[in-house]
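Each of the next two complexes has chain A plus one more chain, namely chain B in the first and chain C in the second.
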Partner chain A sequence: MNVAVMKTKAEQAISESFEAAAEKLPGTDVVRERRAQAIGAFSSLGLPHRRIEEWKYTDLRANVKEIFPAALDDAMPLTIAELIVALGPLAHVDAHRIVFVNGHHRAGLGDFADAAGFEVAALGELLATATEDVSADLVSTPEGGDAVETLNTAFVTDGAVVRVTEGASASKPLLIVFVRTGGSASSVAVRNFVTVEDGASATVIEAHVVLPGAAQDAQLNALTEVTVGNNAALHHAKVAVDEGKALHLTSCDVTLSADATYRNFQFSAGLGLARNGLNVIFEGEGGKIDLSGGYLARRAEHIDTTLVVDHAVPRCESRELFKGVLEDHGRGVFQGKIIVRPDAQKTDGKQMSQALMLSEDAEFDSKPELEIYADDVVCGHGTTVAELDPDLLFYCRSRGIPEKEARALMIESFIGEAIEKVENEQLRGALASYATQWLGRSSGR
Partner chain B sequence: MAAVQETIDQVRKIDVDQYKYGFETLIDSITAPKGLDESTVRFISAKKGEPEWLLNWRLEAFTRWKAMTEPTWAKVHYPKIDFQDLYYYSAPKSTEGPKSLAEVDPELLETYKKLGIPLKEQEVLAGVQGSRVAVDAVFDSVSVVTTFKDELKKAGVIFCSISEAVREHPELVKKYLGSVVPQSDNFYASLNSAVFSDGSFVYVPPGVRCPMELSTYFRINAKQTGQFERTLIIADRGAYVSYLEGCTAPMRDEHQLHAAVVELVALDEAEIKYSTVQNWYPGDAQGKGGVYNFVTKRGDCRGHHSKISWTQVETGSAITWKYPSCILRGDYSRGEFYSIAVSNGYQQVDSGTKMIHLGKNSSSRIISKGIAAGYSQNTYRGLVSAHRKATNVRNFTNCDSLLIGDKCGAHTVPYIEAKNSSAHFEHEATTSKISDDMLFYCRQRGLSSEEAVALVVNGFVRDVLQQLPMEFMAESQKLIGISLEGSVG
Partner chain C sequence: MLEIKNLHVKLADEDREILKGLSLTVPKGEVHAIMGPNGSGKSTLAYVLAGRDGYEVTDGDILWNGESIIDMEPDERAAKGVFLAFQYPMEIPGVAGLTFLRTALNAVRKKRGEAELTTPAFLKLVKEKGQKLNIDVDMLKRPVNVGFSGGEKKRSEILQMALLEPTLCVLDETDSGLDIDALRVVSEGVNALRDKERAFVVITHYQRLLNYIVPDKVHVLADGRIQKTGGKELALELEKSGYAEYTHKAA
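What follows is the complex of A and B.
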């Protein structure tokens, strides 16, 4: 049926918001043109809804009622001390830093000038000076991009452009911080590029944090494009911690060359409605990836993890482990798709998604999908969903551990299994303390 | 790991060009005029002498169908079907109400003999002492004969064609028809509701254990004819029935359409076992011809402690689109789905199940094995869901697939939706995780892990398969024997 669907209020607001912001968004004429094309494409696509298979469980058309004005200036003051407060446990991670406040680079807060192995720049500044060709590359919608990625092209203001030079081995991680602050809700679109050249290795941590006291509502659209060269390795983490109402739409597109290694860990807590998209494609033989994550949702929070791993070439290995804890009306969504192309023999793919439900009203929807066209492969997937095991709880209590503590212990060990995947010790510690904090605020059921 | 040679050989034995039921019976038929409009629906209804309410029911379905579009979400590809280029009714001329087997056209009897289906009551399947199966034979659009009727009657079991049930037991048909699969359920179910021609009807009264296996054998014979049968099985309180379904078709160059609807209703403590050996003509080695099998099968565990179990062995059809489901409405109800789907040649299979948990403490189990060879595509698509109020529900799903050759594809698309915390769902697709304890036990007793895995999986399927008629049994056993080695999620 080809019935023209009425535009929702939010879709209308997005178009209006673009018209208001278009003049002030960074970039030369070619960029302007790209943005105009993108918003045109968006108005025919509309917000993704449940009739679109990939968005079956996360219906933006139904859930996004209001659009906040695009954050166009970076007037909000932020001191180093405030940044440290916003970073919370992450402040203890010893790393170089590039900081964005409400989607705009704040040079004074960064510390990356002498980051060995890294070449770091801010996208907004590049757009102001780059040639037409470079700008066009920076502001384009990835092939097969959906409505959300299209919106990113239309509205993107800034982001980190990171290069790890050939053969370099960066000893200290790079922390890309996006801080949200200010009393009025706004809508932020950022885009990062991480390129790890042949033989290089590095750790990049992307953090989305909020300064206490900022507006409860916020909208974020972040897109990260990662390229890992031959024999190169990237440890990538994304940490998003908010106060329970923010709309958080992110996607990360990764391309791996031969014998490349890529690890990604995603930690989400306190996000009102989140979509963490991750698309990985193997373009060279012998690639290895490990994607994992932990998410915590309570009240009416909704966290969606959607993965597509495309084994396009032979002899690659993929591992996925995602764990979620759901409380109150919290809802977890996991969609994981592994594609094994006809020639991708000797593929080894394993996927696991587990959810722990702490309240009667929690909901978990899972769709672990396999699409296999090659015969000499090992692929497996698993999904489990359950409440805390009463036998285990009883065991703990019979050993003298009070029920509340026993529950906390069990939840911590459940989520801990995912956090274990993080290789950077300081980051692992920071995530563990986030989890503990979250549990501390638990209603103690 | 690639598939072992033994497996490859076994699959080859049931390859598309080995199809042995492809003969055609030359028999005079009465057909409805080609095409589909309201008059076709009226023609079918009049031909069967149906009461007014059923005609209206059909017409309502037809009106709804006209407003619907063909579903495209399944992972199958085929040229658009021209629904006006089909015959919707075809009946052998000689079957105008045969009173006994003696009056049935000998040509028809010969056909069933060739297929190995016993229609004479005194015939006992070779080598199976004391096993008797009551058969309802459906040839194109009509049921030609139903055996063992009298004996079943003594037990109170009603087993007849659905047209007969409409005449003899209208109150039951009226009450249950469309109560599980409504007229507007989906494109093919609506089409079926409008033009269904025949099928089987079973009613097992309270507390009765059906004394024998019931079976329906479907045969598409006529050219360019769609078969739209409708089966309705009701197990009243505490009743038990086991039902088998088999199907074959001649080899033809053009595609044939088969759009059936099966409705099962299990009341309190009742149990229905439904087994299918689907062996429609799959098309030739080049993918020419074959049956489009678009079937809606659904069981409703309406009562507490009721149980419905689906077993399917799928080897035929050019395209299979079928999801036998269980609505677990009753508290403590149980649904089971065991499936072996083998695709070869250019076959496309998109099959699976839905387990919809609405009742408290309901449980379900899904075991699915897909084997793809040649140029075929084999997809498992399943849904397991727990309603907010369905506390303490359990599901275990295991689906394995095996690919033979690098031109075919095996896909898994499971949907798992848990809307309350006490739901306990497990989905897995790795053979080593069937049950570590069981495997360990077997290995401890000296079985290799391969043998142990086969033993465990076959243990689930076997007890149902063993009750299939001999003719089906031989085929199924070939499939059961297929090694799991080299299987992928």
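What follows is the complex of A and C.
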């Protein structure tokens, strides 16, 4: 039976927005074709909704009511001083930078030309000159991509294309900064590629920040494709800090070769409606991943973390630790799937998801899923939901610490256990400062 | 001076009276021991002095230096000099002892109108106090009390007390679960803090602690009231005869 599904206003607006933007999006004919195919595919998919298992708790069809125009202005002014303000605590992380303003590369704000070990380029510029084959690779939807990734293909304007060359060990991290500025509502789609060649190692931090005063009506779709080569290592972090309203849809697809190491930390605060998707596949034996994150949600903010870890080969190890603080009507969603394929003997997988509920109206949905088809494996998962312990609060207060500060200390310690996972000390410090700021304390401790 | 006057305390969510007209005066510079059978209300008294939720004062008053503290928040009391060394010190995962103590000390200093300490000044102070009390301050680098032995927890309480410099020190069964060595360190710590500006309320079930911390007075608490007051020899008497006499009286 073929039932024509009624399109929502937002779905219709997406198609219209594409019509209006298509001419101005970067890329040669082959890219244009890809985009047109993608929007066609999206047309039949529609926005993900609660009857699609992976989107059960984060129903975009119901929650995304309007679509903002694609941000096509590639000359939004932003000074270095404003960039520093937008970066906040992240400005203290000693790193090379590549900077995008409203989804468009801004050469004057970056300093990656001499980043040792890295080869960095901007996707938008590549698309203007690349051959058909390269372009097609850069603007394709990942295999098994969902509606959100499909939309990324249709609308993507720019992003960082990063290569860590074979055997290089990049000492300084690369910070990929996406800044939002300007007073009008906008929708941005960006895409990054991070390729770490055999034997190389690097730290890459992806930051999504806002210049204070920028329009809060904002929609982001970011896709990052990561490959980590044999014996290579990538420490990856995504930091997203906003002011409580923005729609933030991100996917990260990671492929690991033999004996590769991949660490990813996701920090989210002040995101209106967020989906942090992370898919990792082990393609070579001996791979190791550590996925972790901390998120803070208050008012009616909603933060969804959805992980799929695919142990396709033997002898790989995965660790997952996600911690969320939920205040007011804040809602946290954690979906963690671990697949162990029939061949993947000696798999070692552990998952933990924890929420701290600061109000009775907060909500936490946790859905761990272990799909194990091999027999010689060690896999486990756990979920905890807790409130602040009144006895601990009393203990702090009996030492003279006022209630507000005692609560903040407890919350910081909870989220701190996740932040501990970040290996870069300056980044750890910056994330702790964000948490402190979120808690409304001065960060000058 | 601590003055507890006809104190009646019940559990907040239960109609059960625990302290039933307790009166007690502890002048500055003195150490008073409170002894009593299990369940007689010793910890309740300690908690009510420190301002824990869950108890309701239905009658009577507690004055510290002439000022009623029963309506004060726990942190206000701490700023006024009240300190409770817990019978079961709490573990705070994820918060380093040094962070915890610096936050506490600076909060108290702020309320007392003193300047906050810089990090180096704070670390110097911690080291000094540790040396004086014979306590290794390295344990403060770890999360508060996490994974500490019973003895370490009590030592950490005494170190906290020394740093916060309270004027009313309430010790709830600080001796429980301690071996002789730990008991000695803890007692020496307490003795080092004794001075004419400080009052101590030392709660214990056994006389043993009082060999090390020699009290000026001993009170027997049973059935929610002070049943008898005497000198340090009263503790020895109790050691021999037990609390039967008082619990009987209570029943």
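Here is the rule we go by: the second predicted complex is superposed on the first by the 434 of 445 C-alpha atoms of A that agree within 3 Å, B and C clash if a C-alpha of one lies under 4 Å from a C-alpha of the other, contacts with A are read in each partner's own complex, and residues count from 1 in each chain.
Going forward, a residue touches a chain if its C-beta (ideal position, glycine included) is under 8 Å from a C-beta of that chain, and two chains touch if they have at least 3 such contacts.
Remember, predicted model here, so these are calculated numbers, not experimental data.
A.B. asks: When the two structures are superposed on chain A, do chain B and chain C clash or fit side by side?
C.D. replies: Verdict on chain A: chain B and chain C fit.
A.B. asks: Touch test for A:P402: chain B only (first), chain C only (second), both, or neither?
C.D. replies: Touch partner of A:P402: chain C, not chain B.
A.B. asks: Once chain A of both complexes is superposed, is A:P342 in touch with chain B (first), chain C (second), both, or neither?
C.D. replies: A:P342 sits against chain B, while chain C stays out of touch.
A.B. asks: Residues of chain A touched: more by chain B or chain C?
C.D. replies: B
A.B. asks: Name the contact category of A:L45: first (chain B only), second (chain C only), both, or neither.
C.D. replies: In the superposition, A:L45 contacts neither chain B nor chain C.
A.B. asks: Mind working out whether A:Y373 is in touch with chain B, chain C, both or neither, as first, second, both or neither?
C.D. replies: Once the two structures are laid over each other on A, A:Y373 reaches chain B alone.
A.B. asks: By the touch definition at the top of the document, which applies to A:E363: first (chain B), second (chain C), both, or neither?
C.D. replies: Touch status of A:E363: first partner only.
A.B. asks: Mind working out whether A:H381 is in touch with chain B, chain C, both or neither, as first, second, both or neither?
C.D. replies: first
A.B. asks: Return first, second, both or neither, reflecting whether A:E53 touches chain B, chain C, both chains, or no partner chain.
C.D. replies: first
A.B. asks: Once you lay one complex on the other using chain A, what is the shortest C-alpha distance from chain B to chain C, in Å?
C.D. replies: Between chain B and chain C, the shortest C-alpha distance works out to 14 Å.
A.B. asks: Once the two structures are fitted together, what part of chain A is touched by chain B and by chain C alike?
C.D. replies: none
A.B. asks: Note which residues of chain C are touching chain A in the complex, please.
C.D. replies: Of all residues in chain C, those touching chain A are 50-53, 73-75, 77-79, 83-84, 86, 89-90, 92-95, 99-101, 103-105, 107-108, 111, 143, 160, 164.
A.B. asks: So in the complex, which bits of chain A are touching chain B?
C.D. replies: My answer: residues 1, 53, 326, 342-343, 345, 350, 355, 357-387.
A.B. asks: For the complex, which residues does chain B have touching chain A?
C.D. replies: On the chain B side, the touching residues are 1-3, 69, 73, 388, 391, 401, 403-430, 433, 488-489.
A.B. asks: Considering the complex alone, what residue numbers of chain A touch chain C?
C.D. replies: Counting only chain A, the residues touching chain C are 390-392, 394-403, 405-406, 409-410, 412-414, 416-417.
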